[in-house]
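Read the structure below first, then the notes.
Should a chain be cited, it is by its letter among A, B, C and D, assigned in written order, with residues numbered from 1 in that chain.
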Amino acid sequence: MTDHRSTVRAAIARVAPEIDPDTIADDEQFRDDAGLDSMDFLNVLAAIAERTGVEVPESDYPQVTTIAALASYIDAHTEQGADTG
Amino acid sequence: MTDTAASTVELRMPALGADMTEGRIVEWLVEPGDHVDRGEIVAVVETDKADIEIEVFRAATIGRFLVEPGEVVPVGTPIAELEATARGAAPDEAPEAEEAPSATEVEPEDAAEAPAGRETPTPHATHVTSPLVRHLAEQHRVDIAHVHGTGPGGRVTRSDVEHAASTIPAPSPAPSREPSREPSREPAQAPGGRPRVTPRARRLAEEAGIPGERLGDLATNGRPVTGADVLDAGREARGPQVPDVDPMRRRIAELMARSWREIPHYHLERRLDVGDLLDRLRSLNEQRSVADRILPAAVLLAGVAAAAQGVAECNGWWRDDRFHAADHVDIGVVLSLRSGGVIVPTIANADELDVDAMMGRLREIVERARRGRLRGSDLAEASITVTNLGDQGADAVFGVIHPPQVALVGLGAVRDDVWADGDSVRVARTVRASLSGDHRATDGLTGSVFLAEMNRALDRLLREETP
Amino acid sequence: MSTMTGRTAMRAAMQAALQADERVFLMGEDVGRYGGCFAVSTGLLDEFGPDRIRDTPLSESAFVGAGIGAAMGGMRPIVEIMTANFSLLALDQIVNNAATLRHMSAGQCGVPLVIRTTTGGGRQLAAQHSHSFDGWYAHIPGIKVVAPGTIADFRWMLGPALADPDPVIVFEHGGLYGVEGDVPDTDPGVPLDRAVVRRPGTDLTIITFGGTLPTCLSAAETLATDGIDAEVIDLRSLRPLDDATIMDSVARTHRAIVVDEGWRSVGLSGEVSARIVEQVFYELDAPVGRVATAEVPLPYPRHLEQAALPSVDGVVEAARAAVQGDVARMAIPGRR
Amino acid sequence: MTRPTAETRAEALRAMVLVRRFEERCAQLYQETKIHGFLHLYVGEEAVAAGTMPALDPADNVVGTYREHGHALLRGVPAGAVMAEMFGRVDGCSGGRGGSMHLFDTARHFYGGNAIVGGGLPLAVGLALADRMKDRPAITACFFGEGAVAEGEFHESMNLAALWNLPVLFCCENNLYAMGTALDRSEANTDLSLRAASYGMPAWPVDGMDVEAVAATAERAVAYVRNSGGPAFLEFRTYRFRAHSMYDPELYRDKSEVATWRGRDPIDLLVERMVEAGQADPDVRAQVEAEVDAEIDAAVEFAEASPLEDPDELLTHVYADVSADGGT
């Protein structure tokens, strides 16, 4: 089972090229600490959807506010699908 | 020879060569009272090259000597007086007009320069500008029609064109190939001798605000510091791949300072209840993939666009002391960049975009701004500007208008707030929308109409959106 | 498009001009029966007759002066001075009459004359037959000076020169008469006073003309192998100089060298360098380099002559120095 | 050959007096610093121009030297235009740009003075070549001093004109002195007509002080050139009464020589002949001088009223198109 945290960090790097994703700790809040705004967050989710096929509905936004949370959310929703890691 | 009295004529020291400025009488060959014919030799003059005999050009009787042999006098100095002898039917020469200035009043150098004598060049009715001046004007991209001619008869001269060319506003600060006109300041002397820095490096350093004394340490293995070195240094200081905002930073700083100096701002605020709108959006986004979801900002922008279209007095520019309405609604969207500084790309014809299209345009400009790859069209002139710092949690923002626009809309963060409905009170999700207006162009009433129009537009958008 | 040598191209140009305009005639030493010292006018006597292809006595001042007089009289003469070396004997007529009459007479006399002459060294003709005086003539207001560097220009430069109402001197490098090149069948219409970028590049600009153009193009190929992308500009017109094309290029590459077969001191390369410093100083990342003939009368032996003339290696070395900003090495006067 | 009549003599007299008084006025104006630079006066040699110019047709070309005021005036260039040129004014015959040594009037086919000794000879050959190639019946009269004979261009031009059989009338005004060098101190063979003949063209020596001798010979030479199409050479033996130019102490010749030549003043010679023939009364010279002086006064006023050229025009006429040189 691949570790999706790198997938999330890759997504962040694509969306916000001027941020070094390695400097964002796993449990750091996307919005406030890392400085991603709503458009950046939406683009991260779009990148994740594109890479992993996992669509995070708006209602689940509160569950995916950190890299670790988003990574485990992806894990949880890809068990059924093929591993595209 | 010029006359002073009707018959007395002055003999003057003649110019006997291209570069002769003075002469010395060696000897007089005649005596006062002698009669001389035209062409007769009357004296010998010593010049720096040789002794030369001088003649009279008309028959006359020698009068007083005004200069003694041995005396050096400038060319044109009266050296003797002669009594002109009336000759035959016609006088040898028509007596010249009385006011003829004698040669002495004209310094020999002037004499060598401009021909002396009484003539003043009559105003010459030449065409207004010479081909050379027209050619020069073309070169300096100066429109001759608007140049004030200081030449005789209002003629436009070469210096008029050059003066007009020098007052054309300097090209925009963005570094253009044309070297800027003001002389570059000489950088401070580096300690221990002057570092070798190329002219291009000096220019780029000055534009990037890198102090002269720091230039020296940009040199690598003894080679002179080049433009490339300065650009690299600038990039490192700003971190990788970050679009070079420095010039933009400087330009916006100037813009804001000018705005604050020139524009008499007034500020209005209105709280908007966006609860229903957000619910509506959520249910809409539920059926959509992440890529097609719509953010509240897009809807709010659509609201501003509709208001700007409705209240034209807020959508345009203040130039030459009067308001010019814009034909379209082109919204400047203030985006803050993580590396510091802001960038204001434009969404053109915003009033013609539905919410989806608005969201698409917003996503594009944010993405391009992040990568520093904004296109020319993105930076077209906006007719109104919106600043939306809501994300970073500010409740309300009262922005500075971007001249020459006349209005700026500020949108605060979505907040749960106490909202009174008649006598009942509830918690509502609200956004505080503000309008900064230019009091020269509009007044408070128009501003508040704008905010009201924006509110109505949001309601309308709420109802029109079909799932 | 066809390929031909420099002399064939110039002969075709004169032939076309003689056919097209009966005011045109050719005058010079051995241009008729002998067919031209460099065989450029071979065959023209048979086609156009002795009245329009006129062999002259060895009297440069007289036949150049006669060319000026005939131009004043309404003809469009082509006067061939066998080599630039002998043009010194006609310098007084060229400077004090051809270049001066229009201005001195306030526009009453024009001198629509073309003087063609062969220039340059490299053919072991020794000092008196190898001079390059293009720079001298480019100093004189009132005449125009052009130098074809490509075979196409050998074909298509004469037309506009003859059409020009003022005197034009065409310096044809002797080394190019035997060189083959592509020539378009119709006039490409490049204005007489326009320089042309013969090889686009980004790292530096090599500015040259006439006989040294091939040298610079091969130097650019050598430079390309070690990663230096050189832009080569063919000036074509030495008076007036096409400042716009020069400055546009240097503003892009930020480095420039000028290659001129004349001598360095008080030469044309100095003039081009001065204009670059005056107009795009703040675009420069290196001093403007110059590659010129060593300041000696050209020696007869081949190895010495080649050592004196601008060479591919000389251009390559100067280009490298400019790009690496090695100021010291660039300052070597004359020596490769 | 037309017989000299009272009328032609009166015209010749007026022509010579016009040039004489014009040149003397120039000397005075130069000393009053109204004329600058170099000034070479034709006083004493008037008969040459007065005799040759009437023999030429309007379409014939004339090429002169720096001592060309007389030639220009008698070729028909207005005195005002010549004087304005001396003053460096816009209405001068060369726009004020040429000055005394570079008078131009191409409408009258007067292709200038030329300050380079011998400089004009090749031009004359070229003008004749153009006329020949365009089948025009015109001839080109080229005036030069005996000093030019020492220039290579003299030999090259005479040879080329003879070789190509071109209609050039070479008019050598032999006034014995090339500036400060007498002819016999610069030429191995001082018989210029003999030398000219060596180029295979007819050559006539003429008494340059006798305007009627000049006119007769000039007519014959012009007719020969026009009919044969080939060149001819005239050597006018004449003398300049004043210095080479305004700055010449005349150390190279003695006063007695000047006096003897002044004794053969071409104007006096003609007046004597007219008086003897009852064609004029003794003070005819004073009368003609008075008329001529009025004309010269008007010329001076015209020159003084003419403006200076606007410095902005400096770069015009360097090329036909003012921007051809990039205006640098």
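Note that in this section contacts are C-beta pairs under 8 Å (C-beta built on N, C-alpha and C of every residue); 3 or more make two chains touch, one makes a residue touch a chain.
What you see is a predicted model; the values in this text were computed from it and never measured.
Q: If I average the Cα coordinates per chain and compare with the overall Cα mean, which chain comes out closest?
A: C
Q: Rounded to a whole Å, what is the gap between the Cα centroids of subunit A and subunit C?
A: 68
Q: Between subunit A and subunit D, what's the gap in Å when you average each chain's C-alpha atoms?
A: A distance of 102 Å separates the two centres.
Q: Quick one: report the Å distance separating subunit B from subunit D, using the average Cα coordinate of each chain.
A: Each chain's C-alpha centroid was found; their separation is 58 Å.
Q: Between subunit C and subunit D, what is the separation of their C-alpha centroids in Å?
A: About 41 Å separates the centre of subunit C from that of subunit D.
Q: Quick one: which chain pairs are touching?
A: According to the stated criterion, the contacting chain pairs are A-B, B-C, B-D, C-D.
Q: Okay, in this complex, where on subunit D does subunit B touch?
A: Subunit D residues touching subunit B: 24, 27-28, 30-34, 36-38, 87-88, 90, 246-247, 249, 251, 283, 286-287, 290, 293-294, 297, 304-308, 310-316, 322-323, 327.
Q: Spell out the residues on subunit B that touch subunit C in their complex, using ranges where they run on.
A: The touching residues are 177, 179, 184, 196, 198-203, 223-224, 226-228.
Q: Going by the contact rule at the top, pick out the subunit D residues touching subunit C in the complex.
A: These residues of subunit D touch subunit C: 61, 94-98, 102, 104-106, 111-112, 114-116, 119, 121-131, 133-134, 152-153, 155-157, 159-160, 163-164, 316-321, 324-326, 328.
Q: Can you list the subunit B residues touching subunit D in their complex?
A: Per the stated touch rule, the residues are 1-2, 12, 14-18, 20, 39, 47, 49-52, 54, 57, 75-76, 88-90, 92-94, 103, 106, 108, 111-112, 114-119, 121-122, 124, 126, 130-133, 135-136, 139, 151, 155, 157-158.
Q: Given the complex with subunit B, which residues does subunit A contribute to the contact?
A: On the subunit A side, the touching residues are 15-19, 31, 35, 37-40, 42-43, 45-46, 48-50, 55-59.
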